[in-house]
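Each structure below appears as structure tokens.
In what follows, chain A forms one complex with chain B and a second complex with chain C.
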Partner chain A sequence: MSRLKSNPGFISILASLASIVIGLLFGFILLLVLNAKNAPAGMANMLTNGIKDMGNVLYNAIPLIMVGLSVAFAFKVGCFNIGASGQYTMGAVFALFCALKWQLPWYVCLLAAILGGAVWGMFPGLFKSLFNVNEVITSIMMNWIGMNVSVLWVSNFSQMLAPNPDRTMALDAGNPSAILPKAGLDSLYSYLNIGIIIAVIVAVIMWVIIAKTTFGYELRACGLNKNGAIYAGINAKRNVVLSMVIAGALAGLGGGLYYLTGGGQFKLEKEILPMGFNGISVALLANSHPIGCIFSAIFISYLKLGGIAMQSQGYATEATDIVTAVIIYLAAFSLLLRLTIIKFFGKEKKEVAKQ
Partner chain B sequence: MTAPAWGSIINLTIAFAVPLLLVALGGMYSERSGIINIALDGIMIIGALVSCLVLRAMSNAGWGKTLLSSQFGLLIAVVVAGVSGMVFSLLLAFAAINLKADQTIGGTALNIFAPAFSVVIAWAVQGKGLTDIEIPKWATLGYKDLGISGDVKADFLPNLFKSFHITVPIAIILLAVAWFVLYRTRFGLRLRACGEHPQAADSVGINVYRMRYSGVMISGFLGGVGGLAYVLVAGTSFGGDVAGYGFLALAVMIFGNWNPGRILFSALFFALFKVVATQHALFPFLPNFKGLKEVSCLYNLIPYIFTLVLLIFTSKKSRAPKAEGIPYDKGMR
Partner chain C sequence: MAESDLANAKLPDQEDYAIEMLNITKKFPGIIANDNITLQLKRGEIHALLGENGAGKSTLMSVLFGLYQPEEGIIKKDGKVVQVRNPNDATALHIGMVHQHFKLVECFTVLDNIILGVETTKMGVLQKAETRKKVMALSEKYGLRIDPDAKIEDISVGMQQRVEILKMLYRDNEILIFDEPTAVLTPQEIDELMEIMRNFKAEGKSILFISHKLSEIMAVSDRCTVLRKGKYIGTVNTCDTTVEELSSMMVGRSVQMKVEKEDAKPTDVVLEVEGVTVPSKIHKNNAVQNVSFKVRRGEIVCLAGIEGNGQTQFIHALTGLDSVSSGKITMCGQDITHASIRKRSELGMSHIPEDRHKHGLILDFSLEQNLVLQRFRDPEFQKAGFINFGAVRKYAEKLIDKFDIRSGQGPITTARAMSGGNQQKAIVAREIDKGPELLVAVQPTRGLDVGAIEYIHKQIVAERDRGVAVLLVSLELDEVMDLPDRILVMYEGEIVGEFDPKQVTVEELGLYMAGAKRMEVAE
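Up next, the complex of A and B:
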């Protein structure tokens, strides 16, 4: 037990759990303030609705895992990938273009999704390493460019559009071979497919790359102390570009996995998809650990599904986003939270928190 | 091009430039003090939400029947928007200054919080499913209210003042104030010092924490007013988002090199392209790309690509505050 208490992984799991509890408490207080009578039932809906429909939770967790991994991977190199949304959008559009225009099978479409995301992630990486431009601002620009390009692109290929031209054609009608195989998972939820397995495998691969390879070591070194890494002979510029390309590819794959299903229709809305920002939540809740991203993505997906059930009690679905926002706000000073937990155990092991 | 078209173009450009100008100036105050304020989008939403609720309450109470009461009501809404934005920005200031948290993450949390909060509150106030808060018609002045006569179809002036909001003169005043405060007052010099080299500022007795709090709070005020300014020109109701104008304002601020005068120029530039994108029928000389759908998206791309290209050329001599984004720690050397 004492070894467990000083284990940094254990501490960060505790810190995440603590911020979840505080976030939920804040949400409950808000519900109480808004409508005290319905608050307990509303909260119960938020917390239990997902159990009935775990297949749906898993299906919606697929893109969350991928964008979460994308943000987490970039974090390891000290980059804040706020552009996951644009990369996700481009991944989706690349995949759907291959599926609907060129009638290609699903695995080729997934490769296209990876390519689309990687290209969109490459620009912030290049700008940062070549011109020393902050990746946050380039990522935001790339989000807007991606949104406009995607609408422009899709709306000008009538083969991609559904009879209602504000969205892409359903793959059932457009190209059934581009739908990801279901492998029996559809017994859980009709849209669930091997996407969840792919996402979990990718998360494990990312963990191996970050924790067990020389490349991953170099990336972490750049993130912890860029000048130190350069002094040790690590090519920091190349690593920044590579990590942003990989982060983009992960988010792009998420877009592909989400939309290559029977019912996934890409809507031509002229706003930035919120998925990229959800990815930030997933990554922060997981403390940027790839395996942790799987669990935090499932948690956030579970909460979101619960939010839909809250409507029956007269609360807007968005109440769950408030809980998420509080959790992220706490994650911003997670170091403080972790130090508090360590102090709570009566051991002032500051070096543990720094790890 | 005809006189009415010129009038409309100038009117719309100014209308869209005003929120960008206000919010970008807000971002400038915050960044000049050393805090990256990525939460501007969320601050705009909170400012818009609270002031729209106030306007709604006024309308229900029977305000706005006369020109004077409508404009006085709007003035109150502007102050309310600013103060609510300021209060909301305290969350960022507390995390970034006292807790030395990651400023980008803290700001992202506020950006996720604000639109969700806005919808939840709108439901709670107006009833289930009613996300949109209607803006009273009296908030917008037409050219006739301003005493301008003429034919909308033929003359320049009626088009120039086709819709007018009190936020336009307010923005111009706040721009002048921003320039004066930043370059002509002791406070401005100290604020800039905290963004460039807080340790040096501290060594001559400036309270860095207090200066940074001021920077973030002023930016919260301007962000909130900008949120209301956006809602007034964007449509007839507020639905819990500001279409990413807070992020656009960040681009305007960078394009404007953290300098009030250049921020005005870049706000007008971004707004002009917004008008080109949405109303390209007003510009007969522009290619209309026959056969291409959603041409507006093509024109919408231009300011972003411009900013990216500009970032390449200006990165070497960028005037970005040197200490922005770095939490100030007294004990650090």
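Up next, the complex of A and C:
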């Protein structure tokens, strides 16, 4: 047990769990304030709804895992990838273009999604390493550019549009071969497909790259001490670009995976997709650990679904959004909690020593 | 009397102690950094704290400053038990500390750093003019020269230290802790600092002065407490002791102070520098101006000079951290003027950097990860891009053993949790074990104790005898006189003299270092 207590991985998990509990408590208080009578039932709905619908939870977790990985990966070299939204959008549009305009099969569309995201991630990386421009600023700009480019692009190809031209055509009408195979997973939920398996595999690959390879060693060195990495002969500039390209590719793949399920149609709205920002919560809650991103994405997906169920208790959509947001953001404080937990164990040890 | 009773006992003829730390025990994972240590600081004295690297000096001072909470023991100020839970408590008790590694905000100005945390405001508006006056008055009174509007990242280490001292004075501290203040200073700056400490003492301030330079302790302190491996060894009056006694108390054996080496037998040229010029980042002039020299196999060449005369910029250009604006650098017959750092390393250049925290280590990596910092790509440590963790561990254990690198948890200790001297040993181990052709050692013994200095000097001489060309940069006059076979003096970016250490006096060297004399160097 005492060995477990000094294990950093164990402490991280404990911190994440503790922050989730605190987040839920806050959420409950918020429900009490909004409508005290229905709060217990609302909370119960939110917490249990996902269980009945695990397939749907997993389905919605797919893009979350990918954008979470994207943010987490960039974070390893010390970049804050706030541009996952734009990369996700470009991934989606590249994939849909291949699917609907060129009638290509799903695996080619996924590769296109990766390419789209990677290109969008590359620019902030290049600007950072060539001109020392902060990646936060450039990736926010890339979000806006991505959003406008996607709308312009899609609306210029009528083959891609649904009868109602505010969105892309459904894939089962447009190109069924571009829909991801279900591999029997649709018995859980009608839209669930191999996307979840791909996402999990990618997460494991990311973990292996970061923890086990020389490339991951270089990335972490750059993230922790850029000058030290340069001194060691590591090409920090190249690594910044590379990791942003990879981060973009991950988010782009997320966009591809989500829109190639056949479920979602890409809407031509002048709005930045919130998905990229969810990636930040996923990564924070997972303490940037790739495997952790799988679980935190599932958790957040679970909460969001539960939030929808709360509406039957008479809470407005906005209210449920606020509650889930509060929980997610408090959960993201796990970093802070980690320190408290370490301190707590330190004290406990002291007491033992005194006895 | 049992030791624990000390705390409550009132002896009739009790000394006037400003600070008493009684029976302090502080543990870190795997190590007892302070094991039942008692230290009593008299009012108005300069009390030296002596010990090897990792003896627990910084830890003890951090306990006093509220950075660490001890498991056992109490602290008394003016005879009363006090709680120091954090540095704010310490400041309230008028205890101030200059840390071994400065705690300044790099991108803030000197003035902002000094007032940070205790800003004078009027209705929320900073009263800069007022504080500037107070700071400048203090600066003048104690001869602490600063440039209040320069950014920390642009000023010398010496000035950074003066900023730290002014920080303490600005907060009206009367207990002043100096954690290895002289480790980073030039000889002149050291003399100045000692004078400043004497002034503080004359004003009734009490000073704790950490050092492992025995000559300084003999020169400035009244009493000296010695720690070894976390344990209290004893407290002596400086006037009743000798350098030899102190060093054997500290190390636990007698130490050889002088470097022992045969005459150099230099052979072929390894490094040739021709007309290298490096532009300055701060001012319009060149930081390094038309520097040319050669280093041969089997000799130690020392680049001596007062800090800030272009040595740092030259070394950065030589090792590839910066680029030259003109000139040529050749190593083992290959032009490396514009080669990447990695290429230079592969050609056999090893570099013990001046700033071990900025360049030498990834502090949040473990010791073993740091020991393979340039070598993780070697086939020995990776296969198809996958790190061979077993091989890394074995190699780290070998180096730890061979170079006696001490740390709490061995190879998996975070570099940040190691004492400065052991961090330095880790870097030296890594750079020497690479088997270099050229060893660039910049202040390799900065901040180390006599035992470790002796050891590192031996290693460098052994490398020389193995046929390595060694380029040493040092600010310590003892080291400059003792270790090298040839001395080049650098002044304002130029080489102004070349000497044989056996034939030159310290005074003569000092004149060249200060720019009072120069000769044309024939190469």
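The definition used in the following text is that the second predicted complex is superposed on the first by the 324 of 355 C-alpha atoms of A that agree within 3 Å, B and C clash if a C-alpha of one lies under 4 Å from a C-alpha of the other, contacts with A are read in each partner's own complex, and residues count from 1 in each chain.
What we mean here is this: a contact is a pair of C-beta atoms (placed from the backbone, for glycine too) under 8 Å apart; a residue touches a chain by one contact, two chains touch by 3 or more.
Bear in mind that the values here come from a model prediction, so they are computed numbers and not experimental data.
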TODO: Pick one for A:I272: touches chain B only (first), chain C only (second), both, or neither.
DONE: first
Open item on the list: By the touch definition at the top of the document, which applies to A:A221: first (chain B), second (chain C), both, or neither?
Closed with: second
- [ ] Have a look at where A:I13 lands relative to chain B and chain C in the superposition and call it first, second, both or neither.
- [x] neither
Task: Which superposed partner A:K212 touches (first chain B, second chain C, both, neither) - done: second
Open item on the list: So in the superposed three-chain picture, is A:Y231 touching just chain B, just chain C, both, or none of them (first/second/both/neither)?
Closed with: second
- [ ] Spot which of chain B and chain C makes contact with more residues of chain A, would you?
- [x] B
TODO: For A:A325, select first, second, both or neither according to whether it touches chain B, chain C, the two together, or no partner.
DONE: first
TODO: Would you check which partner chain A:L188 touches, where first means chain B only, second means chain C only, and both and neither mean what they say?
DONE: neither
Task: Partner chain(s) touched by A:W144 [first = chain B, second = chain C, both, neither] - done: first
TODO: Once the structures are superposed on A, label A:V133 by its partner contacts, choosing first (chain B), second (chain C), both or neither.
DONE: first
Task: Set of chain A residues, in rising order, touched by both chain B and chain C - done: none
Open item on the list: Can you tell me which positions in chain A touch chain C when the two form their complex?
Closed with: 6, 212-215, 217, 220-221, 224-225, 227-235, 350, 353-354
Task: chain C - residues contacting chain A, complex - done: 27, 29, 71, 321, 340-342, 344-345, 351, 353, 358-365, 369, 373-374, 376-377, 382, 385-387
Task: chain B-facing residues of chain A, complex - done: 30, 34-35, 80, 82, 123, 127, 131-133, 136-138, 140-141, 143-145, 148-149, 151-152, 155-156, 268, 270-272, 277, 280-281, 284, 311, 314-316, 318-322, 324-326, 328-329, 331-333, 336
Task: chain A contact footprint on chain B (complex, rising order) - done: 36, 38, 91, 95, 99-102, 104-106, 108-113, 115-117, 119-124, 128, 131, 240-241, 243-244, 247-248, 250-251, 254, 292-294, 297-298, 300-301, 304-305, 307-308, 311-312, 315
